[in-house]
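In the two complexes below, subunit A is the common chain; its partner is subunit B in one and subunit C in the other.
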Partner chain A sequence: MSSRARSYWAGALARLLPLALVLAAWQAASMSGLLPKAVLPSFGEVAASLGAMLRSGEIVPHTLASFARAGAGFGVAVAGGIVLGILMAQVRFVERAVEPVLLLIYPVPKPALIPLFMIWLGIGDFSKVTVIALACLVPVVIATFNGARGVDEMLLWSARARGTSERRILWRVVLPAALPQIAAGVRTAIAVAIIVLVSSEFISAETGLGYLIFSYGGVGADDAMLAVVIYLAALGYLLDRLYLAGLRRLMAWHAFAH
Partner chain B sequence: MPSLTEHPRLVAALTRVVPVTLILLAWEGVTRAGWVNPFVFPPVSEIAMRWLALLIDGTLCFPLWETLWRALAGLGAAIAVGVPLGLLMGRVRWAEWFFEPLFSFGFPLPKIALIPLYVHWFGLFSLSKVMLIFTDCLFPMVIFTYHGARGLSQIYLWSAQSRGTGRVRMLWRVVLPLSLASIYDGVQVAVVVAVLVAVVSEMVSGGSGLGQMMIRAYRHGDVRTAFATLLTISLIGYALYKAAQWLRGRLLFWHVAES
Partner chain C sequence: MADPCLDLRAVTMRYGEGPDAVAALASIDLAIDDHEFVTIVGPSGCGKSTLLYLVGGFLRPTSGRIELRGRPVTGPGPDRGIVFQRYSLFPWLTVRGNIAYGLEEKGVPRAERDRIVEEHLRLVHLEGFENRYPRELSGGMQQRVALAQTLACQPDILLMDEPFGALDAQTRRILQDEVRRIWRRDTKTVLFVTHDVEEAVALGTCIVVMSARPGRIKEVIARDFDVADVDEFEANPAFAALRLRIWRSVKQEVEAARP
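Showing the complex of A and B:
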């Protein structure tokens, strides 16, 4: 292991230490009786509960259900948002037509749309996926628009001077140059998707991690409820890390663009 | 005849207003023409009338007040706790070592998932909602304050130190004012979070407020009231965001980072 890698791991461990201290304090407080089980089960019990859920496979179908909902909404939003953002940056008319609508839905707390969409589309998955898509669309469109609008004029001129067609410029110049901003918008959308997913599963669902948290909470099974909360948080964290790692590989070239 | 191009501001205003007006007119037209079920998708004018009616007869006022005070109480508590903590993290080594990883890990986690736990701890009523809003808003407040306090130019600190300013006084009289721009960015993020969490927690665990009003409208299949409530929620979010922005302009006109 190189010294650079070693110092990276040492830094990561030093950052994990406070977290470990908090968990240890939690466990110690539970074991000494300072923290009654009725208030908060011990960390050990929560971990055991999570282990049992993973072993029995109970959590798997709920994970898949949540993933399907969030993934479908998020996927539609990313694809549609990038297309719409680029169109807004390229075509004046589209910008003028879409911008006011965007300003109108921007301040709406998106989970508040859930009941309305449940009236329109029923209480099934379709209404949840639609609200998740709408919520994720906003950050992606805005980031893509800003990114595509802010493309260095020099790059466009030099591409045009070589006779590159407008369509090719879009694919080979505008989209790559806007990529860092698009990537930031997509990252926001991941977090938004999880929040709207959990809210919608709290309000009405019979599957999914939000439903699992809510139903365990409802019967007072705090250790199982916290186990799912921690599992969900870990999944969200892992997704974010994976996304960042993938992005770093995808955009290794981008440092040269500046 | 004066051409439109001579009035660039008028054109700009028109391009902003015309698309929204067209959408609203199309909405009105389609629903009036009977192409869609008016029960499921009512005309926009009827939604506006319902909103006015709910506002005038007072049905909207109490839930509005409930949501607003919960959001502001949670936000206020998050500012009161988050700003000192962020300043401490920005200027004191051990505080940074301990708290920075906790808040970095916690920031992206969906705090909304804690609603059942908070109901268990703080009851079904307002306290659990205010506490959840507080928890969720604490993260942006701490992180923005911390980044503001950390990125200060040393020169201000040195000049205060050379005059013998004490450590606590330094935090309040030098570090805090210089971090205000960043703190206000945090407030603007937290305001949006506060309204969102207030509404979601009311939707999930009741206790009046606009969130519960929305759910009740859904149960009755009352799209007009649901829309009117949604409009009110959006207006609150927008008004609070604008208020934070306005306050920032008023309070930070002197700020070094602004000029």
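Showing the complex of A and C:
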């Protein structure tokens, strides 16, 4: 093994070790009777439950339903957030109109808005997708606005001196220059989408991973409930890694911090 | 005598308004002939960059006129190429993309564009680096790309704002020779800002000394001798004398600027 490969595996091991220790401690506590099953099922039971769900495939339709909701809300938020953020950065009037609204929604825990949206938009998927979109919109708009507003003036000058018209400068300079910040905002939106998705599926859903957690919890199937939570965490982690790997490939010109 | 390439008349520049306004330039009169390599030297903060940005059309003068070949400057344009100390390049474009940028904006056809890019890659000795991104290059290489990017647009006049100010001494010396070589090759008009007296004398056929802020033209001195390489200036007594003379002139202004 080359020293580079060895250090890669050493790094991966070092990252996994704390997690493995926590899981081992959890299992030991359960087996020794320190942690009664009524409080928390053992890691082994949870893992077995997760294995059964994956083998039977029962988790698949719920995963797809959740993906569809989160994906729809997230997609709308990314597209709308970039457009709105750019408009805010370029048009004073839009900035003045949108900024107070944005600052108002910013600190509100978006899941708290779910009941309200259900009254307005019905209890179906539409209200869920809307809340997810609203929640994801905020980080994307803020990141896009900051990115587009913070473009180095020298870059704009450089472009103008090389013949770029004001009409084209958005495409040629502002957007690409803001891209690293936009990408960071979108990354936040991925996490937000998952959080709000699960909360929205707690209420009046018949499918989805949030529904699964809620219904298993309701019947006292704690091992199955925790299995879905762990599945969700793994899914979220994977999505984030995939996203970062994609960014590194597509934006090779940028030096990412991590 | 022919009309000057660039003509500044009674140009003043203030930043801001009211009591907080900063007077950066006080009445600049300067005429620059075609094919001159003009260096502008002066104490830090005397308005050298401001002067260059006005000629570039990035800023508008508070009063006065700036004319390029008899036409008033109203905004930036590809007839004036600019190289900044940093941030001239687009980080998201490769070396090739950066050099081709101005040509794309001008609508130069693909084949022609590729030919010009190749030519300029060779000119600044960056063959083999065309697919690198700016962040993968050293500071000196980035400035070579910036130079190629600017020259590829075929500007009438080349504006440079301390382009080598952030480079180490060896790289700076090599790039100074390259700029001299490029200027000799197609004798463009160059306006080159620096705070380094030696650089001003080694590059400029015409050296403009500015006063402390608010900047005025203190003196304009022609260098009437030349050598093939910047290195050869070292042993040249005329060079040493001129450098000393200009240094004393600049030093006076540096001291005047001290509170």
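Convention: the second predicted complex is superposed on the first by the 250 of 258 C-alpha atoms of A that agree within 3 Å, B and C clash if a C-alpha of one lies under 4 Å from a C-alpha of the other, contacts with A are read in each partner's own complex, and residues count from 1 in each chain.
The rule we apply is simple: contacts are C-beta pairs under 8 Å (C-beta built on N, C-alpha and C of every residue); 3 or more make two chains touch, one makes a residue touch a chain.
Quantities reported herein were computed from a predicted structural model and do not represent experimental measurements.
Asks: Going by the contact rule stated at the top, is it subunit B or subunit C that touches a larger number of residues on subunit A?
Replies: B
Asks: Is A:A97 touching the first partner subunit B, the second partner subunit C, both, or neither of them?
Replies: The answer is first: A:A97 touches subunit B but not subunit C.
Asks: Using the touch definition from the top, say if A:R160 reaches subunit B (first), subunit C (second), both or neither.
Replies: second
Asks: Pick one for A:A5: touches subunit B only (first), subunit C only (second), both, or neither.
Replies: After superposing on A, A:A5 lies clear of both subunit B and subunit C.
Asks: On the A-aligned overlay, A:V219 touches which partner chain: subunit B = first, subunit C = second, or both, or neither?
Replies: Touch partners of A:V219: none, neither subunit B nor subunit C.
Asks: Thinking of the overlay built on chain A, is A:L34 touched by subunit B (first), by subunit C (second), by both, or by neither?
Replies: Neither partner.
Asks: Which partner does A:L179 contact after superposing on A: first (subunit B), second (subunit C), both, neither?
Replies: second
Asks: Across the complex, what residues on subunit C touch subunit A?
Replies: 53, 56-58, 75-78, 80-82, 84, 86-94, 101-102, 105-106, 133-135, 149-150, 153
Asks: Name, in rising order, each residue of subunit A that touches subunit B in their complex.
Replies: 14-19, 21-22, 39, 96-101, 104, 107-116, 118-120, 191, 194-195, 198-199, 202-203, 210, 213-214, 216-218, 220, 222, 225-226, 229, 232-233, 236-237, 240
Asks: Inside the complex, what are the residues of subunit A that reach subunit C?
Replies: 152, 154-155, 157-164, 168, 172-173, 176-177, 179, 251-255
Asks: Which bits of subunit B are touching subunit A when the two form their complex?
Replies: 15-17, 19-20, 23, 40-41, 97-102, 104-105, 108-110, 112-117, 119-121, 192, 195-196, 199-200, 203-204, 210-211, 214-215, 217-218, 221, 223, 226-227, 229-230, 233-234, 237-238, 241
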